[in-house]
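Here you go, one structure.
Labels run A, B, C and D following the written order; every chain starts at residue 1.
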Amino acid sequence: MGIVLGPNQYGKAETHVVRIYRDTPRHRIRDLVVSTTLAGDFDAAHVSGDQSAVLPTDSQKNTVFAYAKEHGVDAIEDFALRLARHFVADVLGVTAARIEVDEYEWERINVGGKGHDHAFSRSGREVRTTAVTVDADGRVDVESGLKDLTVLKSTGSEFQGFLRDRYTTLADTTDRILATSLVVRWRYLGPDTDWSVAYSQIRDVLLERFASTHSKALQHTLWEMGRGVLETRQDVAEIRLTAPNKHHFAVDLSPFGLDNPGEVFFAADRPYGLIEATVRRDDHSQSR
Amino acid sequence: MGIVLGPNQYGKAETHVVRIYRDTPRHRIRDLVVSTTLAGDFDAAHVSGDQSAVLPTDSQKNTVFAYAKEHGVDAIEDFALRLARHFVADVLGVTAARIEVDEYEWERINVGGKGHDHAFSRSGREVRTTAVTVDADGRVDVESGLKDLTVLKSTGSEFQGFLRDRYTTLADTTDRILATSLVVRWRYLGPDTDWSVAYSQIRDVLLERFASTHSKALQHTLWEMGRGVLETRQDVAEIRLTAPNKHHFAVDLSPFGLDNPGEVFFAADRPYGLIEATVRRDDHSQSR
Amino acid sequence: MGIVLGPNQYGKAETHVVRIYRDTPRHRIRDLVVSTTLAGDFDAAHVSGDQSAVLPTDSQKNTVFAYAKEHGVDAIEDFALRLARHFVADVLGVTAARIEVDEYEWERINVGGKGHDHAFSRSGREVRTTAVTVDADGRVDVESGLKDLTVLKSTGSEFQGFLRDRYTTLADTTDRILATSLVVRWRYLGPDTDWSVAYSQIRDVLLERFASTHSKALQHTLWEMGRGVLETRQDVAEIRLTAPNKHHFAVDLSPFGLDNPGEVFFAADRPYGLIEATVRRDDHSQSR
Amino acid sequence: MGIVLGPNQYGKAETHVVRIYRDTPRHRIRDLVVSTTLAGDFDAAHVSGDQSAVLPTDSQKNTVFAYAKEHGVDAIEDFALRLARHFVADVLGVTAARIEVDEYEWERINVGGKGHDHAFSRSGREVRTTAVTVDADGRVDVESGLKDLTVLKSTGSEFQGFLRDRYTTLADTTDRILATSLVVRWRYLGPDTDWSVAYSQIRDVLLERFASTHSKALQHTLWEMGRGVLETRQDVAEIRLTAPNKHHFAVDLSPFGLDNPGEVFFAADRPYGLIEATVRRDDHSQSR
């Protein structure tokens, strides 16, 4: 019974590249953190230490910078696809490349009622993401998403009728705060769409459904959000939502002679509920 | 030569309180992290372990929650002043109270073109802050500010003509990216003003001056920002700006046969320049 | 073509429990962060909002605390197994439970040359981990590991003869610093072993192999570390190593008239190489 | 009433330098994060944008690297003093330099019962610190310390007889967990001592006093720790201790039919008590 190398991959993580477009006095800015990962036959690199099939991670980093110049930065999905296809096509021995991109958004600083030509401030808190995989057989997988989108409902959320066991002390509630910081990833059916239009629309649907759903549990809300996205975008195959239940506990003010009808809450850090759900089309047998 | 207790203080740090106003179906939300610190004659608590003059930090936390209910949360400066005055007036032995508040901003989720009644998302990235000190002699100090305001100029920034020594390798530049994540604190002349109007106006001035100044150095930009605030708000005595110089290095693409006229940058994490400046009115002899 | 719920799970993340054993004056301390995750048929909880099959995450947290009292905390693997088996056996509808535990180590404070009875300080930096899964069919999976083990070699590390492409500028090196912060997970063949003996032995082997291997690349070192563990512990089926290459760049001191033969390094934060490898026995067809 | 520049300073923060000593096959490693700050007459740099008196922060970073080679790294206090004196003496216009150093400790990896020649692992969790200020008048201030030293007592800690007000609900306790993560800074009387011997001895005293003191409050423990240091080291003028009270709440297990006599605790993150105390010699009138 021998010992062998199993699944392995390597790459350069978190190359932070800022691309300025200055063709006109009205500059544009793109701010990305890019991670590249290559898979292939790298047995010799591990077992005998022979690096002849290994493209240095330093070269991968250089490629990210060079591509930002040569090809520019359009939708992060396109940028990632271009990089992934390059590594698979042009680097001998690479059987699959996975490119992950986080994008930070900037907005123009307002000066005298107008957005400034070349001064920006970081806007919003959430991060747009994509993870693209291309393999040597031509299979392409695009999973885009967002993270750190923090939302809260101050009513319209209940949690009752749940299973009780020996260790259950929680009381039913018909009115609580529901808050979460969403991490969402959706997989596109194919490698061609208008990524940025899709992103904007999906973000809107997620927010609207979160707001509009009278929530019977965070699970229930996630389902409605995921369903809403699949109903809206026919090019999305499945969507995965990961949602920490950021507990807001109503403070007992009765020792101080005060009532507290849902007005004063302690926002706790840990522990937190963690709810994960996938919503998908039923003619697909996606697995993970 | 004996050993004695020197300056000391204690309190409860980072009580995270969320206050919901639900008097009408259109809820409002306030989201604060509050730290309370008390100073006084606490020698016995230290030296002999006698706690009879020590109000527990747990009681201070309770007070924050109770005040959020009893008095509500208006401008964070007013909330902090009320707490500080309470501790100094009502707790025997307290000679000074310092209350620090960070406020996180939320915006209504847009549903069908209108802001939702009770669903919110965290907006922006910067945090509004205040630090209020009240002492037993009636002195009041209000220092408000903001942090995590990240801004960038893609041109209009130079750095040249600087002092050179044996260890200097940096070249003059007439066009670079200037980026920083601002921490700003300004001290008000008195304890009464329309805090939220002032905050909004000061934030606007800071952004406008950052954008409009043709920068000869981050020091130069900070000066212009600080000056702008003092010119705009007569109720501000001084302003302190702390600004990490978030270096964006133009990537050398020449090994790949590419030029890079200010288009592709590596955004570095560490080390970073750190520039700190105070701007104040000259008829005051503020010291730190 | 309908829309359906796909894979989903939920639980309570990061319950921080400290268990003191005080049966004798010589106390013992265990310091754990526990996350519980349940899978099962929770379709109704999502789709119709019916929570009758959902044991609250609050109850899961209570269970962690109660088990720390009722059953005590032995090896984290045993603690996790006991919790997982409970959820699968006792909670109707649960088809699988996954329990993750991080353990922080404490050592006795030295007073007068002896370890104190009830005063401790946090020791070391690395965290011992386990992730245990039990399903309703009786399958048990135990993956233990460690994280945040930071190691460095100041010589005995080369990187040369690698693949070069258009974007390669890196030079061959026969002597560099090799540094990483290891995340390692190994899967045990079965649910019974002396977990803590195994942990200690595996940790030793990892460190020794890191030190003793003349490294031709981080991949090469990881392979030797993984191989060493499988050779030493017959009860380990496979081991996965995730290792950021924490780059230490030799500083060019020639502008200052100084040479730098491997003495002064800049420790960079980002980007970093990220190397991931699995080493396993070849009569198994583990996949992930 | 004009607007003027107030106190200002600038420098390079967090230069991470690793110095390897490889004169013999038995290497030694020093791992520092260095921040340099210069004060002086930099009015023109701010007000008119004239940088002719400003030594770039980039040059300061270069100086840190060059000094690590030219002068080596001995005690961090000596390294910081040398840098500070250089900036004040050799850079025109600098009236004061402040150098802060954090040092991370490494230990040799054990191979076959012996520490390896050139393989190391990060040891411990706490960080040794210093902050040295030198001004143009020859004044020298050395404040050394440590941070992230996490300690806990599982008994021997009470908190009772405290002041009670309307908002007090806390009960007296004669037996609780006392835990904190210490940040300590002590100021030396002069610029010459055996810094590393002093550090080691002070660290030992802090730990021993924490362990041995039957604590009536964290204030009481801090006083005893500080007093112990001043009694032990005549070269220390004052010591400041900042200690978050890391609350460990005994879990109420009675709903599950279990008692909990100080055995199972929930370790909370926020809010936390924050206790700050200075202990000093009474023939000094240090103030801060």
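In this text, a contact is a pair of C-beta atoms (placed from the backbone, for glycine too) under 8 Å apart; a residue touches a chain by one contact, two chains touch by 3 or more.
Bear in mind the structure is a predicted one, so any value in this text is a computation, not a measurement.
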Chain pair with the higher count of C-beta pairs in contact (A-C, C-D): A-C
Per Cα centroids, the chain farthest from chain C: B
Distance from chain C to chain B - Cα centre to Cα centre, in angstrom: 38
Approximate Å spacing (C-alpha centroids) for the pair chain A, chain C: 24
Whole-Å gap between the CA centroids of chain C and chain D: 30
Residues of chain C whose C-beta touches two or more other chains: 15-16, 62, 66, 167, 169, 255-256, 269-270
Complex contacts: residues of chain C adjacent to chain B: 166-167, 169, 255-256, 269-270
Footprint of chain B on chain A - complex, ascending: 15-22, 27, 29, 31, 62, 65-66, 68-70, 106, 109-112, 116, 118-125, 149-156, 177, 204, 207-208, 210-212, 248, 251, 253, 255-256, 258, 260-269
In the complex with chain D, residue positions of chain B that touch it: 1-16, 35, 37, 42, 45-63, 66, 90-93, 159-165, 167-170, 215-217, 219-220, 222-223, 227, 230-231, 238, 240, 244-245, 270-283, 286, 288
